[in-house]
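The chains carry the letters A, B, C and D, assigned in the order they are written, with residues numbered from 1 in each.
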Amino acid sequence: MFLKRYIPLAIVFVVGVTMLASWFIPHSPFDAFEIHATQWFDIIASFAMILGALNLLKIQSSKLIHRKRDWQYSLAAILGFFLTLTFGFILKGGHFLVLKDVGNNPTAVVNELSQELQIDNKIANNIYAIPETGDGIKIKKQYYTQNKAIEFKNRLETAGAVVEVKEVIWGGHLQQNNTYFAWIFKNVFTPLSATMFALLAFFVASASYRAFKVRNLEATILLVAGIIIMIGRVPLGVFITNWIPRTSFFSFLRLEILQEWIYQYPNAAGARAIMIGIGLGIVGTSLRVILGIEKSFLGEK
Amino acid sequence: MKNRGIWLKIFLLFILIFNFAIGGEININVEVDKSDAEGQLVNMLITGIDNTTNFKVFKKLGDESQWIELKSINKLSSKIYIKNDILTSLKVVTYDDNEKIIEEAISELFITKAQWFNTSRLAKFIFLLVTSFLILFYIEKAKKKKEIYLRPIAGLKAFEEAVGRATEMGKSVLFVPGIMDLDQVETISGIIILGYVSKMTARYETDLNVPVARSIVMEAGKEIVRESYMSEGRPDQFNSDMVHYLTDDQFAYAAGVNGIMLREKPAAVFMQGKFYAESLILAETGNSIGAIQIAGTGSQAQLPFFITACDYTLIGEEFFAASAYLSQDPKLLGSIKGQDMVKAAIMIIIVVGVVFESFGAEFFKKLLG
Amino acid sequence: MSKFLENLGSIDRRYIFLIIAIVVFLPLIFPLGLPVEPTNLTIDSFNAIDKIPKDEKVLISFDYGPSTKPEIHPMAIAILRHLFTNGNRVIIICLWPDGLFMARQALQQVAVEEFDLTYGVDYVNLGYRPGNEAVIKGITRSFPANFAVDSRAIEIKEIPLMNGVQSLKDIGFIFSLSAGYPGSVEWVQYASNPLKIKTSTGVTSIQVNEILPYVTSGLLQGIIAGMPGAAEYEQLLVNNDIHPVIGKAGKSMDAQSIAHLVIVLFIVIGNISYFAKRKKEKKY
Amino acid sequence: MSFGSIFGAWVTVFLTLAILSYLYKDNPFYKVAEHIYVGVSAAYWGTIAFWNQVWPNLFGRLWPHVNDPSTLSKFNQFWYKIYNGLHWFSHNVFPENGIPGNQQQNLWYIIAFFFGLFMLARLIPKISWLGRWSLAYVVGMAAGLRIYGFMSSNVIAQIHGSILPLWGESLGTIINNLVLIVGTITGLFYFFFSVEHKGIFGKISRVGIYFLMISFGASFGFAVMGRISLLIGRFNKLIEYSHKQYSYATLILLVVMVATLLILNLKKTEEVT
């Protein structure tokens, strides 16, 4: 009972108070609290991901084993999961060459290189002046498979160069291009998230069609403000009210000026009231959590 | 604290005039700025030259040997950040037009110490104390006086109605606790609201489906839903896979939840927590399957989309007050009343501030930093 | 008639999706060249660039990144086309690290593919230097001190375009492509105002209000404001037959304008049918 | 054009069209894309979390790379023996002599290690209560961390911004300031919970609601342009991949997918009638 109830509440109180105090005490160790506290959280969250992944696999595989509806798609999810995991931890790719020495015929080496990648004068004159002792220069072309890299190495060696095949180090393979992981990011992950994001263009239209109705005064204000801003921000809006001269007293009725005024004053006022409300809501909830008044998320008993 | 600064300025001014008068050789004074919050700021003043001659300032840390040039310093008197607890000294060197050194001056050694209280955050500290006091005061008051009036919030009244509707139609209730992790206060609030909704689904024996985007939220969700089913005496109804993990990715999660909505066709959809751009995708899909949708969030940028696409929306502070409303726990109701008093104080501060500002007294606004 | 109006109110949302898809897709293939009415801010900027004497060198600063590329990159393409058509020589520097990639892409498209100019003579890319406004302050005194080599690691001394350019005082016109800090504000405060050099700028639409005071006080010759501004500039290039066809911003603005108009039409139709239904309910 | 990028283009086009097909209705293409997306992204973020968080910040701090293990202190000699066990487990993940990257050793992170393990204890029912300690840490940290940020930026900064002069300025500025002040105060009245919104109080909060509605309408209208340009970006990508160098990926896939959906539709209506 003590372990399950009071220790967690004590942890919440102690951690909450020290984190809050760290904002007001610049003296060490408090000044580094925020960085370490958030990194501790990231570590806990990363460990917890194992639970999430196991839960996902459990549910998808139970759908698969019991042939529930749409089980074939669960197969796609599980395959996608393990494929990405292998690219993350087992199969890396990202092989590249390091040119150690040019040998006695540098021009042959350079034109061999220029077939494979775009060479400009900067790289060319670097190649001529390779220092003997250094660890050579890295050729900016990476290959998924090792034998592709070896193929290019042999061609360079016939031209007299001394070349070494190397691999992107583990941990660095996430951002380098031509690694399998980067391929998944570029060709699977980015199009899916960009297209999901783009769906919003359709939903903005259907939501405004359905919701912007002159039901009552409030809905009408919502509608009028929305339309003025929408039209005022495209050249069409400028076109519609171009007849009002800019210098006249009524120039604020020009759509592009009116929309700016609405956005900067009434909208800002409303937004400010909501922000203060949210700020107080968060301060209130956080205080209730730290002081143990709100403890349902830790389980009553 | 304040007046020492003025004396300092008069003293430095005196040196400036004195030096200038007799054209004495160059001098560099360094004084640790006590009023600075982090205690890392020093005031540097170079005397004996005017700002037409080009000069450079260098810094040397106690034990190291060579001087490091401070490139961004180009004014004779400026504030410089110096790392704490290291003996440091500054040097100024003047050059003529073709980069030849004319003369040099080195300041005495000094050391900056971090302070125990960040004085520039005093106003915020006081505000925090007042807010906490008001909230605690009204919690104590609420414990004695039982009933506290809170104005009705349409969205919260609709909770029971939405779960009831799902039960009649034999459909499930879908609860989305936002897409962020438990390190956000809105997610904590979302999980607490899940506790109350799961009490209702336990009572009405309705199917509950809680897809989550973070593993920690999954664990907290399982914990609170199990407690709700226990306290409603329905442990048999509880199945831990009600709360299940989809993915950490924002839009993959939205795609997954869309899939659940289209195939399971829940009759009631709750979206309570922190949301980003995917809010409208979820709300529009929920609307396309004809479900009652009740959203609640503190994410200001998403409120317009929830307002237009959902049946009910808890706007900002209403979302954070939900747990007090749903529990009717006197302590929580008291804390909401405390928050109201803070709002009243804020309004008074604004009005008083506007009056002062209109009559040109700017000290009031400066108090708030 | 009222039956028709009522059904109008409950159009299947998929027709709305279809209309939006068409309205956004078509202008990307067949640009309608909707009449873009250039506003004064863009015209002032266009005229200021058009009036630069042929032998004056122009400095362009690339201060934006991939996230603000849709709004700012079309401006970079447009003014490079304008300057190269007028025969002006261009020196490019970048105060944002990503600005370097944006500059390379723009130069590749305009200077290499469209105008086939020679690097180092007609244009030079001095690359990115950290230090924000300190870099601007530096080049008001001396270019070599801050840009010893260009973005291809070639000594400044060996670049023909750069000899005779000791500092910003030898530059005729400055154009800042700015998405925030450091950007046009810093260029006005540390370069154009103290040295009295003619300057104009292209910014994201959110910044326009912050930059407007500099135009009214004469420190800036016009502003290209966000994507609408870029579309207007492209239209001006077409009107003055500097470039045959409108660019990416123009096409996107076509799609934006029609899409916005269509959404407003949906709202109007929705309300008409809403009133038709309410009128009918009142009768019974 | 290497095979990798052509194949990549085809995959990109297929997934883009599969997600867009969801607008028509739930169909096999969307189901495949959705499930692939969920599976891939779960493992994707898991990998990133390990290589960007756990590997450098936890293991990197417990066992930073040491060039010559013999120079270690007595305690560290023993401590790095545990690391050798991990090294035996996987050479890729735990390279020789500690984790590269210039982290200093910080043994406080053992506590974070245990909080992480407590989380995993949720898998074993008997000791699953240990997980509550980690939850308690996370919630405590969240509460303590967010109070200051929201109090200073949401509350105090907004109060500071609302204090504007109503005298001694141009008429235009005074009107604008008045709108800002009245809007903020009446908006706050709407958020009053413990007072019944009736009488004068009701009228003020009604005005507050009007300001809130202007704010929602305006930010909705403001967002429309941004959302449309996202779709423009996707269509530009589809147009780019419809060219010869990508062997007409968009055109072919579009025809194939639309045809399949029509056939599926016909088959479904046959079963129904």
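By definition in this document, contacts are C-beta pairs under 8 Å (C-beta built on N, C-alpha and C of every residue); 3 or more make two chains touch, one makes a residue touch a chain.
Computed from a predicted model, the values in this text were never measured in an experiment.
Taking each chain's centre as the mean of its C-alpha atoms, the one that lies farthest from the centre of subunit A is C. When chain pairs are compared by their number of contacting C-beta pairs, A-D comes first. A straight line joining the Cα centres of subunit C and subunit D is 30 Å long. One simple way to say how far apart two chains are is to compare their mean CA positions; for subunit A and subunit D this gives 7 Å. Centroids built from CA atoms put subunit B at 21 Å from subunit A.
We define each chain's centre as the mean of its Cα atoms; on that basis subunit A and subunit C are separated by 26 Å. In subunit A, the residues that touch at least two other chains are 20, 23, 38, 41, 44-45, 48-53, 56, 70, 192, 196-197, 199-202, 204, 206, 208, 210, 212, 222-223, 226-227, 230, 233-234, 264, 271, 274-278, 280, 282-283, 285-287, 289, 297-299. Among the residues of subunit B, those touching two or more other chains are numbered 128, 131, 181, 183, 185, 188, 216, 219-220, 223, 245-249, 251-252, 255, 263, 303, 305, 307-308, 315-317, 321, 336, 339, 343, 346.
Annotation for subunit C: residues 13, 17, 20, 24, 256, 259-260, 263 touch two or more other chains. Only residues 37-39, 84, 114-118, 121, 125, 128, 131-132, 135-136, 139, 181, 183, 185-186, 188-189, 191-192, 195, 214-216, 218-220, 223-224, 226-227, 230-231, 241, 244-252, 254-255, 263, 277-278, 280-281, 283-284, 287, 298, 300, 303, 305, 307-309, 315-317, 319-321, 323, 331-332, 335-336, 338-339, 342-343, 346 of subunit B touch subunit A when the two sit together in their complex.
For subunit C in complex with subunit A, the residues that touch the partner chain are 11, 13, 16-17, 19-21, 24, 34-37, 39-40, 152-154, 205, 209, 228, 231-232, 253, 256-257, 259-264, 266-267, 269-271, 274-275. Those residues of subunit C that touch subunit D in the complex are listed here as 14, 17, 20, 24-25, 28-29, 70, 227, 252, 255-256, 259-260, 263.
Residues 123-124, 127-128, 131, 148-151, 153, 181-185, 187-188, 216, 219-220, 223, 245-249, 251-253, 255-256, 258-259, 262-263, 301, 303-305, 307-308, 315-318, 321, 336-337, 339-340, 343, 346-347, 349-351, 353-354, 356-360, 364-365, 368-369 of subunit B are the ones that touch subunit D when the two sit in their complex.
Of all residues in subunit A, only 120-122, 201-202, 204-206, 208-210, 212-215, 223, 226-227, 230-231, 233-236, 238-239, 242, 246, 256, 260, 264 touch subunit C in the complex they form.
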